Amino acid sequence: MQADAAPKLEINDLSKRFGGLLAVDRYNLVLRQADLVGLIGPNGAGKTTAFNLATGILRPTAGRIRIAGRDLTGARPHVIAKAGLARTFQNIRLFADLTVAENIMCGGHARHAAGTVSTLLQLPSFWRAEQTLRNEAYRLIESLDLGALAARRAGDLSYGDQRRVEIGRALATQPDVLLLDEPAAGLNPSETSELMAFIRKVNETLGIAILVVEHDMSLIMGLCQRLQVLNRGALIFEGAPQQAQTNEAVIEAYLGTRRRAKANA
Amino acid sequence: MTQYVFQQVINGLALGSLYALLAIGFSMIYGIVRLINFAHGDLVMIGGFATLALVSAGVPWPVILVFVLCVGAMAGIAIETVVFRPMRGADQVTGFIATLAVSIAIQNSTLMALSGQPRNFSFPAFMRQRIDIAGSSASLTDLTIIGLTLLLIGGLFLIVYRTKMGQAMRATAENLTAARLMGVAVNRTIMTAFAIGSALAAVAGLFWGGKFGQIDPLMGFEPGLKAFVACVIGGVGSIGGAMLGGYILGLAEILFVGLLPQEYSGYRDTFVFLLLIVILLVRPSGLFIRQTEERA
Amino acid sequence: MIPDASSTSVEAWSRPRAPQWSFIASLVIVCLGAVVVFTMTQWLDRYAVTLCALLLINAALAVSLTVSNGLSGLFSLGHPAFMTIGAYVAAILTFPATRKGTMLPDLPEWLAAIEAPMLPAVLLGGGVAGLVSLVVGYAVLRLKGHYLAVATLGLIIVVQGLVRNWDGLTRGGSGLSGLPRHVDIWWAYGYLVIVVALAWRIKYSSLGRAIMAVRENELAAECSGINSARLKILAFSVGAVLAGVGGALTAHLISVITPGTFSIVLAFNLVVMVVIGGAGSITGAVLAAAGITLLSESLRPVEEAANLYGLSQVVVAVCLIAVLYMRPSGLFGSGEPSIVKRIFGGRGQA
Amino acid sequence: MLEVRELNVFRGATHVIKNVSFNVEEGQIAALIGANGAGKSTTLLTLSGLLRPRSGTAVFRPDAQEVDLTSAPSEKIVRAGLIHCPEGRQIFHSMTVRENLEMGAYAQLDQKLVSKTTAEVLELFPILAERSGGMAGSLSGGEQMMLALGRALLAQPKLLLLDEPSLGLAPLVIERIFDVIAELRRRGVTILLIEQNAAMALDLADTAFVMETGSIVLSGSGADLALNDKVRQSYLGGAA
């Protein structure tokens, strides 16, 4: 697959202030096709806030967000999603009362659904749109190996399955960029390694650029080409994952000083 | 002209006192269990009928006042324990529907028991006289209502800000989980908030009857809704805000009717609820609470 | 990466079209209903037929509230406001021109001359209600949960206040009586069929799924590219149009409309029907509406005989509290019973 | 002092805690580490009586008493000396610093003891004395954590449950907080600690438990676990 050199997602000097607290301080990120970048930092460092800014849930105090070259700073989340930026949530947010298949079809709604009038009159274009939605959802469900769960209520699934469905719903929007917020939280190690393989597959075969926030260092180290470290809202490191482990500032802020003391002893 | 305006202001303050009494209870209950208690207005009716029963039994007025406070408190406790406590933890809308159901049940049970016929209600005759103040005159009824309301609100502030129970109530309202972790018995605390709020509403019923001269089983509906408007004006959940909201609403309503030409007075309630919708849209957290952006 | 699923299995799983026979089944059921209605008109007295017509209209209103509240998760109590608007618009249009001169002397010339037939009057009534709901919805739908409930309750009072005081157009508090009795049980039945069909079509379409997604988790829906503000207004306004139509039909069934005809108690009763039926369940709304209407009508003789006015409302309220205790999600949750879905082709499930 | 056996907790339909058993001995610091969502906070909430388990036992034995944590109301658990300092600090923002501390002593009847402990807490955290009349919400994150700790100390804990005390704090403040925790152990308070910063937690802990998807998968002394490959891999930032 020919990598497209133009950035899919470009974030410049993004800042967010809550009252007196600078939660995100001049955050920068460039994601090109098939990038796989990790974002780590202590709890409360501003990772989720950065995600919420990028996806339009919060309005930035300053800075720019460009998606595929379009300036979408301050746009509503559904506009940003349609422009090609999809995400998952730290505390899974599925449509609990809908089935797995319906959840995934919702991801395709923005691109394929028939208009209101066409729906109410059930014109041929309505049936065509429903057919397309279904076919796409089916293919996605097959590839995610969710076939057995398709008719189950999403709220009744196990934690791990819910995570997969949520990623599936994000993929159903056919994004260029995928933001994953702690995808391995609550998964056991074997589920985590399955998830890693899956993320890699999505990244490599579909060419989707991925930014992943995670505390599980084995996932971050095993997966990411590039690593960003955020502390108290500001980037303190960006570079290869291996370099992060020896970086003074990163150790100080995140990996812990006492460990180093012990290792030296 | 100044005489007229003065009388309108006193009238507005008296009405505002009623709204304030109701709104404070409403706000306390919302603050502590995040429940919009639609049945709160019906305690006005219960207070009104309790007063009427005691008056016809010949009980002296100061005793009636105390009794009505107790009746209101007991009614509040009963509603809380029987209906709302089992539903605590359900979502807000479910709770709201339940309060709507309680309100309809109370109203219609009273209708069944006492019929919808309005009953006459009056304070002792001497309350009808007018008092001269600085060249203008005001009715003793209005002045009494204003005075007693301020006393009751003062007492409430003492309880809330000077006693251990009050402190537990504020803590529970702000963060129920943390309050439990401090060893606060939240069920008892919530019950107390219901009791105090409901007692104030029942006294508002006593005043309401005295001011308007009539009571009926459905009388609580309108003041209940308006207490909510008063809360929204002041910021739902804040006791001081509810009090100010009540007075602002009372004054605004009376001045709307008193100062505009006659033909607009029929739009009084329309005006009140347009005000509500506008405030909800412009400052959903109320006039006196600073807007803050939640950290998502 | 996506494995090429064999085309047959795609079709088997994902055929969206309702099987042909479910269309026929729906037709058969509609016809059966028509036969029942016809039998009623032959055997029952006029009062009973009117009562049945009211029951059908109530059921339709409950279903329309299912669209605007149940699917979307909004909690609006504004239905009576839209019914009042629809009823007055239609009534002013159909009122005999000869009597408008005396009862509504302030009408503009062109309105005074009109004596519209029922169908356009009803549609206009629904349309005006819909327009009002767009304006109101734009303002109010940003509110959440019970704030929205109280704001829409306020809307009822605002509309009633306007109607009561706009004497020249509405004849104020005394209302408009002697409306032409254009509406009979057949209108009511047709209205119910159309409302249920529309609700069904919305629910089992991508549109309905998206609306339910907003109900389940607005933030996640937005981040999946769903324009939640637009869908909420859409659901609210569809409900308002249907309510306006229902109000117009009711007024012409009982031949009178006053500012208080559609009150807050009605809002409560409709909400009870939706909650007991299960928010979002069309079947549940129809059954609950029928059950509650029958229950309160059957208590009416008791109320009159024992002089216990209010009994039926107390019973309804207690039923509601009992349902909230025992089955907070209502009789059918937000789904439809599988047998109903099989007959009518519910296509939401895989 | 604390004995948990076969505890199972559900939140809605989700099985969050699965057959969890562990002990905390008097005078020790025990650490519970694991990923976000593994069930650590749920465990603490169950111990302090805010959530009820579906099955299993949890017994708290301060002095000669015995409190059944699966059935006792939370106020009784607090009075027995099991104090939970929750995640995210959960101070009362719109109350003053002093009032927050008073809330800590809410269940205490012995006023002499309360004023003695208040003096100790203010000595431990002088900043709280300085700001005692100010609104708690206006404190910085680190100061809020100190207030939360001070409030918990005023409840006279025999067993202190600490949920992520380092959350969102600067490294210097974290070290200060951990120094205080060590000091508390010297004063005889038993501590059950949840910590994201596994390195610091293991360094301090006498015993430690690793939790994954609702179960305890590893346990041992803090020093042993710090050397465990799996722990290093998952929680200490890879092989160093």
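Letters A, B, C and D name the chains as they come in the text, with residue numbers starting at 1 for each one.
Everything that follows uses one rule, which is that a residue touches a chain if its C-beta (ideal position, glycine included) is under 8 Å from a C-beta of that chain, and two chains touch if they have at least 3 such contacts.
Owing to the predicted nature of the structure, the values given are computational and were not obtained by experimental measurement.
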By count of C-beta pairs in contact, the leading pair of chains: A-C
Farthest chain relative to subunit C (centres taken as mean CA coordinates): D
Distance from subunit B to subunit A - Cα centre to Cα centre, in angstrom: 49
Rounded Å distance, subunit C centre to subunit D centre (Cα mean): 53
Length of the line joining the C-alpha centres of subunit A and subunit C, rounded to whole Å: 41
Approximate Å spacing (C-alpha centroids) for the pair subunit B, subunit C: 34
Of all residues in subunit A, the ones touching two or more other chains: 57
Subunit D contact footprint on subunit B (complex, rising order): 164, 167-168, 170-171, 174-175, 177-185
Parts of subunit D lying in touch with subunit B, wherever the complex brings them together: 48-50, 73-75, 78-79, 83-86, 90-95, 99, 102-104, 106-107, 151, 155
Parts of subunit A lying in touch with subunit D, wherever the complex brings them together: 42-45, 90, 155-156, 159, 182, 184-189, 191, 215-218, 221, 232, 245, 252-259, 262-263
Subunit A-facing residues of subunit D, complex: 13-14, 35-38, 141, 164, 166-171, 175, 196-200, 203, 212-213, 226, 233-238, 240
Residue numbers on subunit A that touch subunit C, as the complex places them: 55-57, 76-78, 80-82, 86-87, 89, 93-103, 105-114, 116, 119-120, 122, 126-127, 129-131, 133-135, 137-140, 142-143, 150-151, 169-170, 172-173, 201-202, 205-206
